[in-house]
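Next come the structures, one after another.
After this come two complexes, each holding chain A, first together with chain B and then together with chain C.
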Partner chain A sequence: MKGLLEYCRGNSFLHSCNPLIKIAAAFIMCVGCFMCSSLIYVLCVIGITLIAGYSAGVGGKVLKIFTSLLKLGFILLLLQIFFISEGHVLISLPFGIRVTAEGLHFCVLLALRIAGATLPLALMLMVTKMSDISGALVKKLHVPYKYAFAITTALRFIPVFADEMNGIIEAQTARGVEFDTKNPIKKISLMLPLCVPLLVSSVKRIEDSSTSALLRGFSLRTYKSGVKTYPFHLRDAALLSVAAVTSACGLLIGILI
Partner chain B sequence: MIELSNVAFGYAEGPVINNLNLQLEKGSFTAITGGNGAGKTTMVKLISGLLKPTSGCVRLCGTDTRELKAKNRAKLCGFLFQNPDRQICKTSVYDEIGFSLSCIGIAGGEADKIIRETAEMLELDTKSEPFSLSKGERQKVALASVLAANPEILILDEPTTGLDYRECMRIMKIVADLNNSGTTVIMVSHDMEIVADFAKRVIVFEGGKIILDGDCRSVLTDERLRCISSVLPPQAAVLGQKLGGRFSGLFTTEEIISDCILQSQCRMHNA
Partner chain C sequence: MISIKDFSFTYKGSDVPALSGINLEIEDGDFIGIIGGSGAGKTTLAHSICAVIPHYRPGDFYGSVTVNGMDTIDTPPEDIAKITACVMQDIDSQMTTSVVEDEILFGLENFSVPAEETEQRITEALEEAGIPELRYRNLNTLSGGQKQKAAIAAIIALKPKILILDEPTGELDPQSSVRIFKMLKRLNEEHGVTVIVIEQKIMLLCEYAKKLAVLNRGRLLEYGSVREVLKDAARLKETGVSCPRVTDISEELRRRGLYTGPAAVNVDEAAEIVKGVCEADD
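Let's turn to the complex of A and B:
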């Protein structure tokens, strides 16, 4: 996932929207996925997100995240499909295990919902600077800066830690650890000792960041601090409308079917 | 010993190394230097087999690094990273050194003997906890875990960064002793004083290409060094160039001091 959740520079429509509107639109799209149990609707949400991603110049990265989420969804599908026995039986297996139409629908819907609900948030993170997210939360919603900073820092550290983990894996490979084994259990047992250096470096990094923030007057910040203003424009209304209409459609379809 | 033929490599952001050809002899001590982002670390990672070239091939003792398994690679080539914390993953020095040995299939009494010998050589307490040690001590623990495998090639990526003079010299003395006993050493460094004191061959890298390559004296006293690279020659070499004459070929502080002492002794003798 290295580099996938990082901010990507650009001057597209999505890049220029208000950070708060982008957060709101992403959440509305996520909620929409859970309001409707139609597979076609969830696929439409994923499609809209992919189109939005391509229009912002990050389509390739959104697609990569989508394929990763599909893999995760497939694992969940395999874990659940054999435990739902209600409904029309499609396949009968030994030991009374059955694959039913309802079970299959539920599992596929779950896998797609995970993708549909995650992609808008991932896209939002790719087109919005972390400093703008915390800035807008503080300026517009008057969220205390320390909480906004904690949220954005947690998100910002995901790629940083992924990078650190890659470095640790590289260092251990140089010592002769065979990470390219195909046995998943062996792979997990090899990865577990790496938690120690990762934890140590994470704690050090967080300690350094907090000291640095305190020295730069972190505790003195209020919602009035900060140079940037985050005004609302017509394009923000347009983005919010698209998200709202998509979710309203989901709600309507959910009620009708 | 080490042979790079038409090697090219790049990351997603773009190519880093293009058409690189290089040969390093057994028992040599080579320093690789250059500006930030010049491709030094990428090159040593290619040599160690941690990175695979996109084209061309890297051979260690005649074997293509693509064909070497991690275990065999570690036996052949040890790699000391700039940040020792990425290497250390055990809670005691004994276990840390032992982990390297277990990776290459050495265990039991033989492992115990090697651990104790290596710890003794580096003056390390096997019972101490690596993460509670100073950076210099942690670097020594990382070095001990690399040396325990007794590699024929030792790669050091900026091993002295962040260390005080004493710690720096302790580590470099161990490396120099290993080199004298036949280990091939490749060291990436920005510290030109260290390079001048220990390396036999210097390679200057810029933009993924070798711009200067030769024995330590010829490269460090080359007047082009400052013009075409981001490397500042050692203070002694700069002083030697400024003084000119018999000083112009000198590049270590010791050489200049020795020359001055010799000269003053001659004058006293003549007087």
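Let's turn to the complex of A and C:
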């Protein structure tokens, strides 16, 4: 996941939209995925997000996140598929375990919904600077700066901690621990003890980061302090319309099916 | 002016004081280098001046630390932050945003620097730190040295009266280290900024600092002009501080009875001393 959720500089249509509109559009797309149980619709949302990603120059990264989410979805699919026994039986396994058409549909839909709901948010993070998200929240919605900053800092620390974890894994690998094992249970058992050093270093880093922010006048900031303004343009209306229409289609299909 | 009187500090949960009986007066416009071995208390001293101690690092605090007349215990840290700026040792932890430009803008916005002034300050700070080309780069894509320069740029953009830097060249190559020290010297001489640098590269400190403070196991061992402090090279070595090679030359000549003048603190001085000894020998 290294570098996948980080801001990528650009001058695309998405980059130039208002941060608040981008957040709103991403959430509307997410909600749309959960309002419709049509596989085709969710695939369409994923497709639209991928096209939007390529138009913003981050298509490759969006695709990488999609494949990672599919892997996660596949694990969920395996966990769920054996617990839904209603519907037409496709495969009968020993101990009365059955794979049904309904179960398969539900699990595939769940996996795709996770991808469809996550990708717009990931794309939004890739085309919006964290400081612009917090700035727009403060300037336009008058969210207290410390809360806006906390939200964006939490998002900013996701790739930082992922890097930190990779660093710890590399250090352990250099000491002879075999993390490249194919056995997922063994891999999890190897990774669990690493959570302690990760937690310790993370707490220290957050503490140091907050001290650094305070030493640079963090507590003096008011909603008037920011120099950037975040006006709404026609392109923002266009982006919001695309998201709203997509979501409305999902709602309509959901009602009709 | 920074005045530290009978100052001792023990971190919460520790039995050993990190600093003990420190008395130090730093005048406006000074350029101080702080040296000492690991665990000498250098970072604790820097944190005490910028009011991180006692406000954000709990512990037993004795004595007083005043910065421009403000007692660090009674004064809110944000008031002290208006005149002091600190570049921390762990650069990654110092970053509060994800893009270099935003990192510089963060402090400027917090201190409500007028919008028409921010662009100029950002450009100047990037130029001073030698990284104008990194302005729009994501911080996570930078090398350690580049991050260090970005952190320094973010601090100098605030135009502080007192600048505290904890090992600012730790991840820099020799050329960049010299550039940073030249910049600090310029800020000190042209703008009257008081500069306090914790540094392991003693040669750089000898070249650019006006005074040296030597810490050893939480105590202030020496404080004075660079030449005064380097006079007792043997004592410094006992504390784990290596003198510059040029000082070693003058001290060796002194030990052999060939030279009696002050210790050399830079290459030019050492060359003059050696030349003088050779001429006297002829």
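Definition applied: the second predicted complex is superposed on the first by the 257 of 257 C-alpha atoms of A that agree within 3 Å, B and C clash if a C-alpha of one lies under 4 Å from a C-alpha of the other, contacts with A are read in each partner's own complex, and residues count from 1 in each chain.
In the analysis below, a contact is a pair of C-beta atoms (placed from the backbone, for glycine too) under 8 Å apart; a residue touches a chain by one contact, two chains touch by 3 or more.
Note that the structure is predicted; figures quoted are calculated from it, not measured.
Because the two structures share chain A, they can be overlaid on it, and in that overlay chain B clashes with chain C. Of the two partner chains, chain B is the only one that A:A174 touches; chain C does not reach it. Comparing chain B with chain C, more residues of chain A are touched by C.
When both complexes are overlaid on chain A, the residue A:F13 reaches neither chain B nor chain C. By the document's definition of touching, neither partner reaches A:Y54: not chain B, not chain C. In the superposed model, A:F157 makes contact with neither chain B nor chain C.
By the document's definition of touching, of the two partners only chain B reaches A:P193; chain C does not. Shared contact residues of chain A with chain B and chain C: 3, 204. The touching residues of chain A, counted against chain C in their complex, run 3, 6-9, 129-131, 153, 156, 159-160, 163, 204-205, 208-209, 211-222, 224-227. Residues of chain C touching chain A in their complex: 50, 52, 56, 77-78, 81-82, 85-86, 88, 90, 92-99, 102, 105-113, 115, 118, 136, 138, 140-141, 154, 158. Against chain A, the residues of chain B that register as touching in their complex are 12, 45, 48, 50, 69-71, 73-75, 78-79, 81, 83, 85-91, 99-100, 103-104, 131, 145-146, 149.
Those residues of chain A that touch chain B in the shared complex are 3, 164, 167-168, 170-180, 193-194, 196-197, 200-201, 204.
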